[in-house]
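Residue numbering begins at 1 within each chain, and the chains themselves are lettered A, B, C and D in the order written.
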Amino acid sequence: MQAIVKAARAPGLSVKTVPKPVAGPGEVLIAVRHAGVCGTDVHIADWNPWAQGRLRPPIVVGHEFAGEIESVGDGVTGLRAGHLVAFAEYIVMPATNVLTLDGGNIPTEVGAIMDPMGNAFHTVLTAEIPGSFVFIVGCGPIGCFAVGIARAAGASKVIASDVNPKRLALAAKMGAHVTINAAKDDVVKTVLAETGGEGADVVCEMSGVPSALHQAFAAVRLGGRVQLLGIPDGDVPVDFANEIIFKGITVYGVIGRKMYQTWHQMRRFLTSGQFDPRPVITHKFPLAKIDEALAAIRSGDAGKVILEIV
Amino acid sequence: MQAIVKAARAPGLSVKTVPKPVAGPGEVLIAVRHAGVCGTDVHIADWNPWAQGRLRPPIVVGHEFAGEIESVGDGVTGLRAGHLVAFAEYIVMPATNVLTLDGGNIPTEVGAIMDPMGNAFHTVLTAEIPGSFVFIVGCGPIGCFAVGIARAAGASKVIASDVNPKRLALAAKMGAHVTINAAKDDVVKTVLAETGGEGADVVCEMSGVPSALHQAFAAVRLGGRVQLLGIPDGDVPVDFANEIIFKGITVYGVIGRKMYQTWHQMRRFLTSGQFDPRPVITHKFPLAKIDEALAAIRSGDAGKVILEIV
Amino acid sequence: MQAIVKAARAPGLSVKTVPKPVAGPGEVLIAVRHAGVCGTDVHIADWNPWAQGRLRPPIVVGHEFAGEIESVGDGVTGLRAGHLVAFAEYIVMPATNVLTLDGGNIPTEVGAIMDPMGNAFHTVLTAEIPGSFVFIVGCGPIGCFAVGIARAAGASKVIASDVNPKRLALAAKMGAHVTINAAKDDVVKTVLAETGGEGADVVCEMSGVPSALHQAFAAVRLGGRVQLLGIPDGDVPVDFANEIIFKGITVYGVIGRKMYQTWHQMRRFLTSGQFDPRPVITHKFPLAKIDEALAAIRSGDAGKVILEIV
Amino acid sequence: MQAIVKAARAPGLSVKTVPKPVAGPGEVLIAVRHAGVCGTDVHIADWNPWAQGRLRPPIVVGHEFAGEIESVGDGVTGLRAGHLVAFAEYIVMPATNVLTLDGGNIPTEVGAIMDPMGNAFHTVLTAEIPGSFVFIVGCGPIGCFAVGIARAAGASKVIASDVNPKRLALAAKMGAHVTINAAKDDVVKTVLAETGGEGADVVCEMSGVPSALHQAFAAVRLGGRVQLLGIPDGDVPVDFANEIIFKGITVYGVIGRKMYQTWHQMRRFLTSGQFDPRPVITHKFPLAKIDEALAAIRSGDAGKVILEIV
């Protein structure tokens, strides 16, 4: 079978023929249909210091998959060939790590991106959203998912900021009432103007950019809530008195998700049709075009990039 | 000026000319534009025992008003003639009891029904709605408002029951995904079927009918939440073991509303356009047609009935 | 080994010699040191309709145990002979169901009653206790545990009611500031007097007696919380308007416990010494005296009754 | 009457005879019995830049008072001469700002410190305390109050740190199970050792010292809560990834208090006797000894310092 392989301790990825794995006891073999490509894959391709410290080539690359079960190993119950499933790690994996896609109600192209969507769901739904003014800082794929989730969960107004007009257009497509180009416009002033001078009830910081972090603290209302998902490099100086304490705000560090509860919420939002993540998928490539997929991400203009195996 | 008057201790209401009041210190005089008619007004017209025990005719009848400030008394600041306002009690009232309608963003026909809408908002939004399966028991005006609020607040599925097909049609218009005719269909079985066998996450009981109360307890999922707004007459036998304790549910008695917070949420939902209560207003009459307004309510087919003063 | 046995489909229990079990793969064999006796055991002894419908003698009787691990089966890791553990079901049980008693910090006589204590912890700690006025209705063993837990969790005043003076004395020993003899005194009037006329913030109903249920609803303050653990037989007529809705209260049906969280809290309260359940243990008997243990429970005067295996 | 006066725009305070004020309409005149002295008063005495920017001498100095009502102005109802009250601002003040001391159940020396105690109550009780491991960073008067409140609210273990052994002794007197001398010992290591390696469930940062802030983030457990009351000067570099996001913690900026709710809780804790703040009062001086009072605060060894007017 074809696989994307990190063959050596050097930049680059290649598409190679590798042996098809077999499902051992308690495992399932999945024929992948769609796979998400994310920033981590770019790091692996580029062979950056993080990748150099963690990986030992040759390895097959990829996570964020969905596909069809081709066979099941001994002792697997409740799953059988033909089931559509989503998962997070390998092509052969323990049956207990597999999520079924509700009898086909959730397509595999959506199943393949449930991992990053889960981060967006957890970030948004651990705040009180109905009737709230929500400000999403950073419109990468997870930020754009967050825009749509906030809309579907009853936000009265969703404001989104980014420096890239293409990403802002994607946020608007996902339902943002207001988009702010942080490269040109005064972000905090705009948020205050759009919220009657009070600031946003909930701010979701998805960028990890220090200047955006400060905008998050400045744009949240007194007593509001800032959800932090974006991860800054290194230290960021914080004026605790004026940015946090005197504002009486709550700051929540979002790590991962509440496994069961987040998947449960996600399925509800997806199967009801109240949230559709597909506009965020801006690029689909066949497996062989992994280099083009990586280039799309590197351009900074892409939403979610996925590979299709047909 | 014209007013609806309860002239004597006997059934009936009449439209009479009465002196126009004057705003004293700290008061405002409001030219009413729209007024809601509700079950209480029917009781007053019918001169039922409740009315006989509380009222001393002759009196001017009505509450649930919205209109335009015509003049303000001494010492009133922040309000002036021309402002659109909503209120709950009298035609001349303390300035502090008056709610402005956001510079005209909320029309007076909506302002006139903010009181019963407030009950619906408090009932729905004191539960966790985004991604939930919500079951509304009873589709009178407040139940129909609740359907729309649950949709706007991100419910994944809204199910509504009533014995009256016209009211069910209204609930469907307000966004119910599923309506159940409790006179014909098996309510609990249908709710279970529509919720994958688990039951509803949140049930709002708006009818006060004993059989419907039992359906509420039977249709909520293990660990779910039942909000009680409908008021039963007399005692209802409850099987605490099986209806409440073994199900591990939370039951909340909804009395009135959290004044400030509920009005604040209501304004957000109304001015954002995410919730529009107007389909629930099925009848509008001029003041003089108060008898027709009462007849519409008595028919059991009406949504919200309001009077227009033009 | 000696065991308490239900030998036949008739009233009575007997102490017999039975074969000592062996720990299979993934199991542990526990030498029981202390075992709680509870109302269920009385039902089994009496051979009441519930017992007749569920049990097929001959069986070994008992649950609520603590003891020392004597041997472990294949594949058991993290547990070994000599560990003190508490558990809920059988003498040989899956290693995963076993709770270790913190290196001996929790004695086995306490370990044996962690199951009913867990119900008390869950009932009390799912309400907001610090600074609250808490009213415990019913002072059986679980009610008396609840008194001590409420004190340890920072209640400002704990009031307890029962019809039995010995049980009230036990509640006082566990820290109740006020005890009310429901057979003689006006329960609701006393609670109101002790709470400045407002009623209790939190009421825990542990008796299942219909009159006590009504006292719970009457004694809770407006907007307060009623936790229901006691299970009434049959239907109880409820005046929803005046007992629940107009009071704006929350009613919570307590079934079981949040497994992990409740055990975790319980260990904290026990190992810190802030809560000591031992005064509730009024009777200890050797295994052979099971009939005396049952008689103590039937008398209605006992707190918790346990068996000691020495 | 005698008063402490800031006479000129220069360092120093003086005790002078000033005219006794008169209660106007809606006001009450209070004979002060006890007054707290706090860091703000030191700033005023020292005439630091903050004081220079805000104050226009000559002024009477002081806040944090309690005393007896001497007379009431026209239109004051519900208060009369002889009532003991606590308040936050002036010697003649609006009747609506005055809190009565529960018919004398709360002494005026305690009434005089209800303002800083309120900060401690709000900081501690906006976290979940029963059964928690609580770490108080900084043992000034508010930190020492927090220790006692956490104990009274059911914490399983209270750990306190400071660089001053006298303050640590005070924290121990208020109920800290463990005290850590941050000048000598490894704070984070000790907290981890005292919490089974997991870290504290709740950390209250009361010092505003940057190194202590980092200890707060390092000592809180995964998913725990950090309450920030201490106010750092200037910016503090924060490693958001490792100190907040990857730990999944909640950070809450404590500004002031929930006025009604905090006073209500405070009264409950004080009148029940479950919390006694008096050990924190280390120094009492007559009004004339204001300089000694300020010196006691400047020494860094004092708990709460109050003035007595007899």
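Going forward, contacts are C-beta pairs under 8 Å (C-beta built on N, C-alpha and C of every residue); 3 or more make two chains touch, one makes a residue touch a chain.
Computed from a predicted model, the values in this text were never measured in an experiment.
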item: If a chain touches chain B and chain C alike, it appears here; value: none
item: Whole-Å gap between the CA centroids of chain A and chain B; value: 41
item: Whole-Å gap separating chain A and chain C, where each centre is the average of the chain's CA atoms; value: 46
item: Multi-partner residues of chain B (at least 2 other chains); value: none
item: Graph class of chain-chain contacts, one of line, ring, star, complete, other; value: ring
item: All touching chain pairs, where touch follows the definition stated at the start; value: A-B, A-D, B-C, C-D
item: Touch list for chain C against partner chain B, complex; value: 213, 228-229, 231-241, 244-256
item: Chain A to chain B touching residues, read off their complex; value: 125, 129-133, 152-154, 156-157, 264-265, 268-269, 271-272, 274
